[in-house]
Amino acid sequence: MDLGSSLSLAVSSFLSVPVLAFVLGVISVGLKADLRLPDPVYQATSIYLLLAIGLKGGVALRASNAGDVALPIVVAIGLGILIPLLAFVFLQWSTKLNPIDRGAMAAHYGSTSLVTFTAALVFLESADVFYEGFMPTLLTVLEIPGIVVGLLLAYKFSQRTSDSRDWMREVFLGKSVLLLLGGLIIGFLTGVQGYERVEPFFGGLFTGVLALFLLEMGVLAGRRLPDVRTAGIGLIGFAIVFPLLTGSLGIVSGYLAGLSLGGAMILGVLCASASYIAAPAAVRLALPQANPGITLTSSLGITFPFNLIIGIPLYFIIAQALEGWLG
Amino acid sequence: MDLGSSLSLAVSSFLSVPVLAFVLGVISVGLKADLRLPDPVYQATSIYLLLAIGLKGGVALRASNAGDVALPIVVAIGLGILIPLLAFVFLQWSTKLNPIDRGAMAAHYGSTSLVTFTAALVFLESADVFYEGFMPTLLTVLEIPGIVVGLLLAYKFSQRTSDSRDWMREVFLGKSVLLLLGGLIIGFLTGVQGYERVEPFFGGLFTGVLALFLLEMGVLAGRRLPDVRTAGIGLIGFAIVFPLLTGSLGIVSGYLAGLSLGGAMILGVLCASASYIAAPAAVRLALPQANPGITLTSSLGITFPFNLIIGIPLYFIIAQALEGWLG
Amino acid sequence: MDLGSSLSLAVSSFLSVPVLAFVLGVISVGLKADLRLPDPVYQATSIYLLLAIGLKGGVALRASNAGDVALPIVVAIGLGILIPLLAFVFLQWSTKLNPIDRGAMAAHYGSTSLVTFTAALVFLESADVFYEGFMPTLLTVLEIPGIVVGLLLAYKFSQRTSDSRDWMREVFLGKSVLLLLGGLIIGFLTGVQGYERVEPFFGGLFTGVLALFLLEMGVLAGRRLPDVRTAGIGLIGFAIVFPLLTGSLGIVSGYLAGLSLGGAMILGVLCASASYIAAPAAVRLALPQANPGITLTSSLGITFPFNLIIGIPLYFIIAQALEGWLG
Amino acid sequence: MKEIELITIVTESVIQSRLIEDLQRVGARGWTLSTAQGAGPRNRRVSEVEGGNIRVEVLADSITIERIWQLLHESYFPNYAVSAWQSTVLVSRSDRYSNDTQKDGA
Amino acid sequence: MKEIELITIVTESVIQSRLIEDLQRVGARGWTLSTAQGAGPRNRRVSEVEGGNIRVEVLADSITIERIWQLLHESYFPNYAVSAWQSTVLVSRSDRYSNDTQKDGA
Amino acid sequence: MKEIELITIVTESVIQSRLIEDLQRVGARGWTLSTAQGAGPRNRRVSEVEGGNIRVEVLADSITIERIWQLLHESYFPNYAVSAWQSTVLVSRSDRYSNDTQKDGA
């Protein structure tokens, strides 16, 4: 596949219903007419996406060879520890944030974004590119370590003692981890036959529900835009350059772990994406002194739209370019 | 198709799941056991219907010839201006309402009802009758002018000055307009291929979700029934006769604008239907002195059920009858 | 079908997505991270299930022979009166509950559980076993009499006078009865052709939505588990032994009423299951002195999980065993 | 501005319609209701399955409030999970809420 | 602990954004809003279709509260379904809510 | 009828379970919670993504209320978006809410 057709993929990715719904959400904020879903529906949608991703991944995991899965999991854990360290150092260099805010940022960028991941799957499926079905396992694995490392960095470098009372629970037993993990296990146990019976719900509706969810994400991201303008070049730079860096790191690691083009690209997306659900809640509890305005502006206001619109096709192009050497 | 088969169509329309669900909702009010959907789910359902209608219309619009669409749009705008004027005059003649309430009524009947429109589409699809796919464009076009003309009439004839602070926004950037228009544009941009990926959600579920929505509409309409009894013959007459008039006007205009049987019938439905979501909100903000009891009793308690159960098959029969001369 | 394949059916029933989702819900409570659906979504899901069950049953009812349906209905009414009497006596013998609490329990066990019924349908469909399509009619018929008899027993034996002000309405015109009955009638009127248009929504999504609902039920049941430990052997014994008894009674009665293997098994499930939605609400209004802790612990904390995981395959095996003699 | 009494009642949502009817029967001319969750010393209820608590506020003259307390004591406190509290607040247009002086005749 | 005024406004949800804007315009430095249902002597509204009532609470100094009452009298009481009541409550960090002494300079 | 204190706390929903635990730890025997939205002078929070505010009411004796204020000052005011206010209300069955006289032994 040459660059021309890659670019046309990028355009058709932008013109997919979910991405356009995101843009509609952003625009609606500008028009002061937020197209938000009612909160309970937004929550239900997010439960649906987590379970659906988990289920599908579990079914695929069962069909996979344990040997094929083990190395990517180990690599993902390594990346989950490495990336927040990189973020912490990068931010010291590019911004004047204090250690607490840097730890908070590290926790966000060390963890992952379900929706970005999902959009990448939809991208590959539209393009008919193969990826390893067990990728949701890596999503689950990458969810937690980044948050823990980020928080520990903040505690260490701010010389505060941690009241780990509820954040441990929040991190390890948060709803998103439980639903993903639960879905994985259910999918694994039920297998192809069991999945078939719920496929019209968890499979057929998936892209449509994602579009609805992205409409809402567009509103949330749009509300952050005014803050982006005042965020400072250091933070904006981080929110765009850092994902490119970790995205490429993820792709290379993916190839080295034996993943296919699609799998390597998705590992790249996982590394490049920043959490805006699990991490913010955990950080708010564990690091109340951190300024949530900064982390959300960066992860939700800049990195998320960047990844969704530019990043996903870009990581794909990068993965294609590297395939010859590493794939 | 002769009258006999038209009548059998009418019966089978009444016996469709969405219409029967509406009847169930009405009956449940009589039994004091309102079968309402929880409010957030009702709102989400309405977002879904607007987006789904818009998307499908946008995909069809792209496949249409600009020339075929232009004339119907112009005609629709003309009808959107004419109908509230007719309503204002008709009401002066048939009721004792003051100019403010007449303006409020004109705004409701000048705008359109999404659900009536949708039920008409489902009717035509069940009957395998062709209609122009771009009809949602006309729905969007007809949403706004009627409300504006109605409000201006009220201001002019009550010699009040308008505090147009928020109603302009409410009218032009209300959620329903944004979702419809957004859906249209997304559908237009994404085309058939993009739509295919969300079709199981936005297409496949459509009639079922409409049934759920109509259950709720039945409850809302049923609650208006006690007020209908005390409404006075003038208002009741208006709520039934006026739609017949504007419905026929719409059908004739549709044929003159070059629409097919199905298209003309749907333009008739759009003209005959009265808004009960966009208009009430705008009127409440712009004309707080108007009595919402009157407008909702008329539009939701009489015209909506009338159109849903009798009107839709009737407009179809009228459209068939006129097809020979005008089609 | 021999015992071996029956057992393998039981295992594959346990490994179905809905049952595993239930288990996930229970576990999440143990991990203090309740995976509850937002309340409005839970309510909407329950409306959906009731309507969907009713619709499908109504379509099947229309296709049935009146003669084939009449006897099972009469038998179901008889069981609806008999079972609460049995429960009342059984509890006097096995526990020290006062007449009010026994009446409350009788009302719960005399009525039925939609979700257990639904899970049984899904079980039979997975196993490709025929059942009479009109079974939802029996579900509807069995909903009410048990509650009434249970309440009357409580009043009689506690020598209290009943303030029947709102419980009559609650029992006879509760939402679940209205939705089931409404669905049945709509299905009956609309027939196969009308149903086809909403099948992707009400049929295709059914098992998936059930899985989501069971996730929530798992949380609710899991919250009852601490109470189960302190419930006393008499109550626990009742909650497990009584369903086995009434389940077998239902199966035998089903065969005698001319039902097939699948139909008899489902009648058994209806008899064995205890209400945890309609009955609790009615009992709370009609018997405020009754302790809801006891009835919910028994019906939701013990009987429901027992039926879902062990009961359904067990009733199927019993029905198979009896088929030779009675079927 | 006039003083009037405000009573807030938190109870199980399953008895919502009965409570509202009862309140109107003893003289309340209006009410405002929100949904709520809660815990208390009694905590014996079915509401978990049925959607939690309701929180009802009623503005009324002190005679009506007196009757509401009586209603709660007779029909609600013994068997249902209820908390209720009363305070005095200032309103304008006080005849909207009171049965003493039905000037606005609604 | 200092005394400050609390006004609670219950009205139709359709005018939510206008009301919030108006409150801020006359000096409220914050607000808390919940959704609600209700009935009252007037009951003339469109809210049923649009999602019921809202219940807005504003803590403010008495001058601002005075201006809020005036706002209600001029723009809301005549045409919308509204109930409102005022009471005095104790807060800590009272300068957060008051315009009298803007020490925290927000 | 006895007087008792009512404290209302509005804060970010993300800390709901921590707050409820803390309230019970310092002696609250019950609580009522509704969801809410809001704005204030601080407005620094993550709640937008997580579902807005919560509004918690606690009836308690004045010693417990005193301890709740202390809790808020130490653990909540510094870092979270919080508003809180206190008032005195009348309740019947006051021993349900108070730790002074635990007559009902719950």
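A, B, C, D, E and F are the chain letters, set down in written order, and residue numbers restart from 1 in every chain.
The definition used in the following text is that a residue touches a chain if its C-beta (ideal position, glycine included) is under 8 Å from a C-beta of that chain, and two chains touch if they have at least 3 such contacts.
Quick caveat, the model's predicted, so the values are computed rather than measured.
J.: Count the smallest number of chain-to-chain hops linking subunit B with subunit D, moving only between touching chains.
T.: 2
J.: To test your reading of the model: what rotation angle superimposes subunit B on subunit C by C-alpha positions, in degrees to the nearest 5?
T.: 120
J.: Averaged over CA atoms, how far is the centre of subunit A from the centre of subunit E? Could you give it in whole Å?
T.: 40
J.: In angstrom, rounded to a whole number, how far apart do the mean CA points of subunit A and subunit D lie?
T.: Going by mean C-alpha positions, subunit A sits 48 Å from subunit D.
J.: Can you compute the centre-to-centre distance for subunit D and subunit F, using the mean CA position of each chain? Integer Å is fine.
T.: 21
J.: Report, in whole Å, the distance between the mean C-alpha point of subunit A and the mean C-alpha point of subunit F.
T.: For subunit A versus subunit F, the centre distance works out to 36 Å.
J.: For subunit D, jot down the residues that touch at least 2 other chains.
T.: Expected reply: 34-35, 87.
J.: List, in ascending order, every residue of subunit B touching at least 2 other chains.
T.: In subunit B, residues 38-41, 43, 200, 204-205 touch at least two other chains, as defined above.
J.: What are the touching chain pairs in this one?
T.: A-B, A-C, A-F, B-C, B-E, C-D, D-E, D-F, E-F
J.: Show which residues of subunit A lie in contact with subunit F when the two form their complex.
T.: Within the complex, subunit A contacts subunit F at residues 39, 43, 165-166, 220, 223, 276-277, 280-281, 283-285, 288-289, 291-293, 296, 300.
J.: Residue numbers of subunit D touching subunit F in their complex, please.
T.: That would be residues 10, 34-42, 53, 55, 69, 72-73, 77, 83-87 of subunit D.
J.: For the complex, give me every residue of subunit A touching subunit B.
T.: Residues 12, 15-18, 20-21, 24, 27-28, 31-33, 35, 37-41, 122, 126, 200, 204-205, 207-209, 211-212, 215 of subunit A touch subunit B in their complex.
J.: Would you mind writing out the residues of subunit E in touch with subunit F in their complex?
T.: 1, 4, 6, 29-34, 59, 87-93, 96-97, 104, 106
J.: Provide the residue numbers of subunit A that touch subunit C in the complex, in ascending order.
T.: So the residues of subunit A in touch with subunit C come to 38-41, 43-44, 47-48, 51, 55, 169, 173-175, 178-179, 182, 185-186, 189-191, 193-195, 197-198, 200-202, 204-205.
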